[in-house]
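Have a look at the structure that comes next, please.
Labels run A, B, C and D following the written order; every chain starts at residue 1.
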Amino acid sequence: MSSPIRVTVWGEYRHEKKNPKVAEIYPDGMHNTIAGFLGKQTDFTLRTATLDQPEHGLGGNVLDETDVLVWWGHMAHGEVADEVVARVKTRVLEGMGLIVLHSGHYAKIFKALMGTTCSLKWRESTDKERLWNLMPSHPITQGIGDYFEIPQEEMYGEPFGIPTPDELLFVSWFTGGEVFRSGATWYRGNGRVFYFRPGHETYPTYHQSEVQTVITNAVRWAHTGVRIADVCPNSPPLEPLPEDAEAASRPTEGFK
Amino acid sequence: MSSPIRVTVWGEYRHEKKNPKVAEIYPDGMHNTIAGFLGKQTDFTLRTATLDQPEHGLGGNVLDETDVLVWWGHMAHGEVADEVVARVKTRVLEGMGLIVLHSGHYAKIFKALMGTTCSLKWRESTDKERLWNLMPSHPITQGIGDYFEIPQEEMYGEPFGIPTPDELLFVSWFTGGEVFRSGATWYRGNGRVFYFRPGHETYPTYHQSEVQTVITNAVRWAHTGVRIADVCPNSPPLEPLPEDAEAASRPTEGFK
Amino acid sequence: MSSPIRVTVWGEYRHEKKNPKVAEIYPDGMHNTIAGFLGKQTDFTLRTATLDQPEHGLGGNVLDETDVLVWWGHMAHGEVADEVVARVKTRVLEGMGLIVLHSGHYAKIFKALMGTTCSLKWRESTDKERLWNLMPSHPITQGIGDYFEIPQEEMYGEPFGIPTPDELLFVSWFTGGEVFRSGATWYRGNGRVFYFRPGHETYPTYHQSEVQTVITNAVRWAHTGVRIADVCPNSPPLEPLPEDAEAASRPTEGFK
Amino acid sequence: MSSPIRVTVWGEYRHEKKNPKVAEIYPDGMHNTIAGFLGKQTDFTLRTATLDQPEHGLGGNVLDETDVLVWWGHMAHGEVADEVVARVKTRVLEGMGLIVLHSGHYAKIFKALMGTTCSLKWRESTDKERLWNLMPSHPITQGIGDYFEIPQEEMYGEPFGIPTPDELLFVSWFTGGEVFRSGATWYRGNGRVFYFRPGHETYPTYHQSEVQTVITNAVRWAHTGVRIADVCPNSPPLEPLPEDAEAASRPTEGFK
């Protein structure tokens, strides 16, 4: 396990260019802020990719050379090419880790892996968010105590249209009266998926140390170290089968 | 709960027309055999639909008037229109039950709801299948003892590329040395999904009483009685929020 | 399914006799209030049992004649005889339903079935509780909308020391800033267990209609209709095994 | 993470002293064979403990200084003192890893953590066992391909009386026609539990490389690195609560 974990941070990178408030918080884009704190880990190597690059920055060998992909998108989910989504999905199912942040709940890649609407309640207002830690011994929650707070955040509320998580790590409390499953994991194929709620673009959420700790832990957790291609093999028997002339002679048709 | 459960049995209905062996077993098509035994339940009403009908038999009000959809397909998964798959998926997420049979593991609708490859090992030979009952008190397994056997069936083997089932009901043993998670459930949105492995077209599997019992039980289990449309609502607070002039004045952009 | 569901409501029945405030809310004891609203269902038959009865009211044929047991205890968990707990546990594992209410999280029977501490945070103060409905199509949540509120309740907060629920139905928001998994289900053996948080003795919680709806739904859900005794059988093979003289001659010792 | 993982291997160590066949396979006891192969890992430190030692070898600081405990017992489950079982359980819930092997399914500690019967079918005969790998990217299955075989093993069959595993890693196929969930994980409190089926005392199972690989992987997976004591704290509010003179004046009674 001595080779580094290769992390790619994908950012939509549109709000930062259009909204001066967002640009002030993330002058180089959210993806660079995230890559910046992750890059301090000596066992990670980082690259970034954005929507407006060719193939959204995910062409060539990028996915082949990515162990864990971090995804932030919001206003332009529809512009992500289906072909790229399909390649990312295949790569996850083969063993890549995927960390989906905040409004990425509606990203094509997250919806494709979940199979559900991924809908939720939401409100941009003056809510405080308090994230309660339900699994204090899970690798992703190390360094976080019983809870941590984000002074201002967009509210996301239940019901959240996701499949039953394999592990539910965080549940959020919001000032305005809602709750939300704000940290959850799923195995999908040979890959591991972590959804983490915080990160509205108009707040400095990714500059907060607890948020950085969770995302850093999640990268390490999501790294499986395997790549297993999909096959649906016709398999010879491992034990003797009865002979059956009739069966042997019947036509095989169609395909699996 | 006195109104009947409205069941639609969808059959690809191709093997039956092409392969005399299949036609002999299912002269009116597998869908009619399945609808036949389900129709004996006085609390079910039945209809059928097939691939070669307009909109694959699922146009008009059919999905609106379906509580539980049973699906068998194999050699023509690719011919099912994406638009129809999307409507079925939406209907499941709103609360319809879906029972996916055998080679339907590769149906577009099943893969879309699971988010995974749904791949497996397979072999057409002379295997016997023995299905072990892991949850003897589950509604779907009532009337089945510890296990039941199918004298000849196609082998499906692990690893099966599915997400962790919410409930694992059956695991199969095959003569040739494999095992398979052959009965499993998932909530998807407000709908319930049951995958049931048996039913290769060249064997009289759907004429077997235990198989009929399981599918009948599954229809009743999959009936939620609800229909809840997807929304992603902007929600006003339920508790007082602090005033924050700066927050109130900032531009809202993008969309949820 | 035409025979009625036999429900036994077990109440500790101590607070009501000691604390005038509790007696005012539940003059006949909480168990009778709960049995009262459940008894309005024409498909239920009700009986009650309390701590200070011989064998805590659970001797003779009571457990044999109970399909679903509802449990409320608090200040005298330690007085429940281990022998009675063992019989209740056995009966649950055979197929009885068990609904554990509020401070029953620390009942011996609940801890024995969960295998964990079942600890939590708590506070008696002026909190409001709002229970969010995470599974709007689950049988237990029918008749409940997105959420419901209890004007005053004791606060219970995460982390709650339970195993991963099979199904997480409700998460509570409390005024003071906490969240809690307040409705959850588990299969245990052939029985079904539902934990439901509300019901502090000094508030009229069990007089509230939404609470009554949830408990009523839960009784119906928890009724499995089966009773399967525990065995650990030495099983003859179902398929031919190779002969092996050495194996056949070796001594069998110990026990399973 | 540079400090070693402290592993204690607990062996009942009775069959080895009574049955010459077992003694021939495990001349120093199964616990020493297991400790022997685990001790080759440079990041593990090993000790052993056995039933007939004072406090079954688990007194003093042993549990305090154990990160992962491996457990093999069979013919003398009833001789393990309840007090020791309680201490082991507390330690698991605080964060210790526990690996339960084979007939340990009926160990008091496993039953106490599962809350169920843990019963199963069994047969000592000439079965071959083939363990299928359901999660090829899980840390515990690394180095194992699609499956591995044990030439002769005791048969364990479904239904296995366990709660739904958090993760199901292996399912076994047996010559005689049965299947079994032979590798499964559960979080219990802050600890991680792995049950692994193979290891009947009359076969050289723990000398087999794949079995050693799985147990070695499991030790690393079960190591949480945390220790969190159980508390059930009365918690002050984190947000302002309404004043309510009546509530403030009411008596608090009982205990949590």
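Just so it is clear, contacts are C-beta pairs under 8 Å (C-beta built on N, C-alpha and C of every residue); 3 or more make two chains touch, one makes a residue touch a chain.
None of the values given here were measured: they were computed from a predicted structure.
When chain centres are defined as mean Cα coordinates, C lies farthest from chain A. Contact tally for B-C versus C-D: the pair with more C-beta pairs in contact is C-D. Note on chain placement: the centre of chain C and the centre of chain D lie 27 Å apart, centres being C-alpha means. Computed centre separation for the pair chain A/chain C is 36 angstrom, with centres defined by C-alpha atoms. Centroids built from CA atoms put chain C at 31 Å from chain B.
For chain A, residues touching at least two other chains, in rising order: 130, 135-136, 157, 164, 166-167, 175, 177-178, 187, 189, 238-239.
The part of chain B that touches chain D in the complex is made up of residues 130, 132-136, 146, 157-160, 164, 167-168, 171-174, 177-179, 181.
For chain A in complex with chain D, the touching residues are 95, 130, 135-137, 142, 166-167, 175, 187, 189-192, 224-226, 228, 238-239.
Those residues of chain B lying in contact with chain A across their complex are 15, 18-19, 21, 74-75, 89, 93, 103, 106, 112-117, 119-127, 152, 155, 157, 161, 163-164, 166, 175-178, 186-189, 202, 230-239, 241-244, 247-248, 250-256.
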